[in-house]
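Here chain A shows up in two complexes: once beside chain B, once beside chain C.
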Partner chain A sequence: MKNYKVILPVLGLLIILLSNLALAITAEEIINRRDDNEYIVSARVESEMVIINGGRKMVKTMISLTDGRDGLTEFTNPRDRGTKFLKRGDDLWMFFPDAEDVVKISGHMLNQGMMGSDFSYQDIMESDKLTDLYNFEVIGEEEFAGRPCYLLEGIAKEGAEVSYYRRKIWIDKERFIGLKMELYAQSGRLLKVSRAEKVEKIEGRWLPTESVMENKLRRNTRTEFKIISIEFNPEIPGGTFTLQNLQ
Partner chain B sequence: MQKILKVCLLLLVLILLFSLPLSAQADIGGELKTTLIGTVGEDGEISTDLQESLDLELFLPEFGNTEAKFQLELFNPPLKDLTGDDQRISVKKLYLRHRFTNLNLTLGRQPISWSFGSLLNPVDFTLGAVAMGEETSGKYVDAVEGYIPFNWNSGLALVAAYPEHSDEIKWGVRGRAGIRGYDLTMNFVREPEITVEIPGVGMFTNPPAKRAGLTFKGDLGPIGAYGAVGYYRRNNQESYVYLLGGDYSYYSGFDKKITFQLEYLSVNRDNLNNILGMNLTGLTSGGDDTLNLLLGNVSYPINDFSSVSLLPVISLDDGSLLLNPTYQNLLGNNLTLTVSGVVYYGDEDTLFGPKEITPVQGLPQKVPKGVLEVGFSYSF
Partner chain C sequence: MFIIKLALRNLFRHKKRTIITAIVISLAIFIYLLSDSLMLGIEELSYANIINLESGHLQVVNPDYWEERQEAPLENLIPLSEDLKKKIREIEGFNAMAGQLRFSASLNNGIDEIPIMGLGINPEETERVLTIDEYFVEGSMLTPGKYEAVLGKSLADLMDLKVGDYLTLIVRTKENTFNTIDAVITGLLKTPHPDINDNTVFVPLDIARQALNLEEEVSQIVIRLNRDKEEAREIAAELSRDLTEGGFNLKAYPWQESAETLTAMMQMQDIENFVILGIILVIAAVGIINTTILSAIERMEEIGMMKALGLKEGEIIRVFMIEATGIGIIGGLIGCFFGGIGVTILNQIGLSMNTFGGQDTTYGLPILERIYGGWNPGAFIFVFVFGVVVALLSSILPARWAARKDPVKAIYHR
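Our next item is the complex of A and B:
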């Protein structure tokens, strides 16, 4: 009987410990589940970008087609109407509507703010899965915007071509969607912060349909990005991601 | 021939328009622009000219694999005394394009320029069609163009154009290939004899010419590199043109990004006027000596809405200089203010220095000291 008094609590503790271990989720699983929601293989997206600097505002609208590592974006707002970007792998091409010229864009321009926004061409057109670019680990749990989140940190994998050396991501524990992301330079300096402002479930996937990117190196500036409509796995005609179609 | 082509094309566009379903969305957009140009003459006198233009484009939905474009420009021409016209209409685009599986066929007035990212393009379909970021009317031609793709980034373009002031066809062919991240092109252009009447001078004849060119563009580490080699043959006289350039972005603290572009051009004096485009035509008198130019462009975004840039052109042969600073500010969502200038500096009779220029009635007889332009443009 005395033995039972010892064995039972120990067994209880073991069960709790083992069940916790069994339920513990790894950083890779969290990111993969986040990618299941947010990583888009093929889609047609209509979106709006609002660039805000102090009291000034600039609105850009666009239609994008993505398929794996390829992407085609066409601007539809009056000032940029007809401007197109074609991304094939790491190559970026631009179509100038007035001249109807197709010009290859130098690689160093990829880090530049896209059409004056806080999103770089890389931010918009980054087509690799985060797990392919970063080594992630869970560094804690925190609440963000009233939602319990896993807090993950990703460090760029050696040799990976990334715009930001380190990322911190707040991932909703229930919906597995990134609610906040901090982007850092290798020096440790915080460069950009993005926040999901609105999250919607579309075709069974949670997606941030409204988000805000703030460049922390500039004051009073932010870019709002809204998905107006999205269609997953649309029928994309052959030859869409070609120079022939770009012109 | 050209008139018949234009009438046929207009009819085709109208047929296409009327055959569109009522639900199809057509739209009109464009740009309204007004610019005050102040020119400082050699003696310090200032003359001003107001230029206004309205660019109108009809955006039509694609009709199957066929698209139609119609864009025209209404403008009051600079130097009205020269033409006597107060207002003019210029059709920039009026064409039909059909995308076959292995051929894009474009018929009508269309822009044709073979840019590869340089400030000057010595191997363009029309020399000077686009120069230092500015386009000229030379880019818009009545033509038939066929583009045959070989793969996603390689193909062959064939152009037969009907130039104004000539009864013959101008034709060109351009091959493009993407190899290991480099964009390589090869082209050939045959220009017919062109005869133009210049007021106050008389008839001016440009004899037939042949041009061939090679270009490349790609990345060398963090630097974007490009270049061109051209061969010109006119009046049994041969000459070569060479261009080598690069661009680079310098980041200061991840935020302040300055973009640099630098290029070297070696060209026969006779051909420089054409390459520099309409904006700078008249700077050089004829001659077959070789000129060496160094061009640059430094641009700096002040913030999301405004930027400054400086474009210098230096003649390496005589040290004369042209400076083209530009400030641009997006005032409202679609309203842009642009302030730019051109300053010429050099000794008497140097490339960009004070000298007599082509005596055309109504045009200044000397290269000005500088030009200042203040303009607003509104996109809709």
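Our next item is the complex of A and C:
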């Protein structure tokens, strides 16, 4: 009889603890559910990029095809028409129609902003799953732009080749999409902030269709990125992602 | 002897013509001497700048790194061990050494960003090998362990930075992760080496290592010798051998290899110099031929007379050849004389690099100061002999033409 008195509270405590665990969603689950929404395996995307630098404003439009780790983007606005980027795995090439020349972008060139935007080449190259590169933890819950969010922090895994040592991501609690992301250097300095401005449901999945990227090391610059149309799993002819096709 | 006397007398019969022809030759010699002296000066100065500000006399580097050194990768670095330092200290003519860590970075001033080359240095060691500390125009050297930076004045002006301002270097660690170095500017440099003025930011070695996630590693060890710079190649070969024997995968590169592109450029310049000399001497040769033909026509009766008196064809040719050689010698002497004056002026007063173009035009040369011409006695001898030989050779054909005339026809000038 004596034993029951001890066991009961212990049991009760255990039940409370276990149920808590079951209810609380882990950081990994949150990221995975977000990736289900945002991680595009294969698509044809028409998009627009508005680069604002001080008083100057540049608008670039492009059509991109992606399939897994490969991608091809062609610019369609008059000034850059014909400029193409080809990504194959971890390599990136650029084709300039004026010079009729293919250039491989590598080394510290990858740190530069793509076409003068606040997205570096490295940023657009990221195609690995974030959970493979970072240890994520839920560090709180916060409201962002009127939506309740999970606030996650990811620190780069030991030895992982990542651009940003630490990221903070605000993920919508209901729709599971990233609404805001802060990217930090190893020194702790905030480098970039991206925000989703508009979120739409396309073919059953939530997607940020308008977002803004700001380079926090430079004043008065930001890049707006808008998805004009998107088609999932399009038919991509063989040989699309080849250097021959780039020229 | 008679022939020489005859030739000399002929030489001074038409003083004006002789002088004018000689002046063409002397002009070629003069221009050659000046440009040779200038090239020599540029060469010496460029090499001095590379040795004093960039590479020292020797650089110890991993051979795989050397291949890709333009990219400044964070691979194939040198773990700095006491053992290695001891090996280097033991070489002949050793004076001082300094480990440096080169890395590519973006310099950010809060508004703009430009790619630059970062260089992690230990100021005390570096000052013993390189002469950077002599070129501060503002402020002073950085302190190890502190977030401080030194950069070229022209780079600072471009980025609107002053002493006391903070700059941000955005770098990539060994794992390719972004990191930043925020440092206060302690000094601005104006060196005679444009690469350092326009493209380099110095930070303390330990700060650079920390930001790049590196241990006791450097990308290169620069070494100063207390020997003549021409001995560097030999000592480098010796050190390379010692290092390989000691089990290090490292090689010593003399300054000549750091200055590889420059050496190639200088060789091109030498060729260019010869082309210029060649063109002017062709003009001089035409002058000589012209002079020889003219005097032959003038002296047609004389030639006939000499032949009739028993002078052989070969002897007549020799008269004209000696005459032409005389013009060559006169031209050579005038050219060398004025060339000597010109070189002395270049050597003493020098020439500002700006004379060749607008402000700060460098033509890719590591020079940003006055160029002083160098003395090269060999060039004087060479160009003098060359001028005389050209004069001599160009007179042969017209002399033969004149000497072959039939004496009777020549006397009647037909």
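Heads up, the rule we're going with is that the second predicted complex is superposed on the first by the 228 of 247 C-alpha atoms of A that agree within 3 Å, B and C clash if a C-alpha of one lies under 4 Å from a C-alpha of the other, contacts with A are read in each partner's own complex, and residues count from 1 in each chain.
Here, contacts are C-beta pairs under 8 Å (C-beta built on N, C-alpha and C of every residue); 3 or more make two chains touch, one makes a residue touch a chain.
This one's a predicted model, so the numbers in the text were calculated from it and none came from an experiment.
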Clash or fit, chain B versus chain C on superposed chain A: clash
First (chain B), second (chain C), both or neither touched by A:92: neither
Contacts of A:104 with chain B and chain C, given as first, second, both or neither: first
Which superposed partner A:156 touches (first chain B, second chain C, both, neither): second
First, second, both or neither for A:243, with chain B first and chain C second: first
Which superposed partner A:218 touches (first chain B, second chain C, both, neither): both
In the superposition, chain B vs chain C on chain A residues touched: B
First (chain B), second (chain C), both or neither touched by A:165: second
Which of chain B and chain C A:58 touches, first, second, both or neither: first
Touching partner for A:186 - first (chain B), second (chain C), both, neither: second
Colliding region between chain B and chain C, picked from 135-143, 225-233, 261-269 or 369-377 after the shared-chain fit: 261-269
Footprint overlap on chain A, comparing chain B with chain C: 107-108, 111-112, 185, 189, 191, 217-218
Residue ranges of chain B in contact with chain A within the complex: 29, 59, 99, 104, 110-111, 113-117, 130, 135, 139, 147, 149, 151-153, 155, 176, 178, 181, 183, 217-219, 222-224, 247-249, 251, 253-255, 257, 259, 301, 303-305, 330, 333-334, 336, 379-380
Complex contacts: residues of chain A adjacent to chain B: 51, 53, 56-59, 78-79, 81, 88, 90-91, 93, 96, 98-101, 103-104, 106-109, 111-113, 116-117, 185, 189, 191, 215, 217-218, 221, 239, 241-245, 247
Partner chain A, residues of chain C touching it in the complex: 71, 73, 104, 106, 108, 110-113, 115, 168, 170, 172-173, 175-182, 211, 213
Residue ranges of chain A in contact with chain C within the complex: 54, 107-108, 111-112, 156, 159-165, 183, 185-187, 189, 191, 217-220
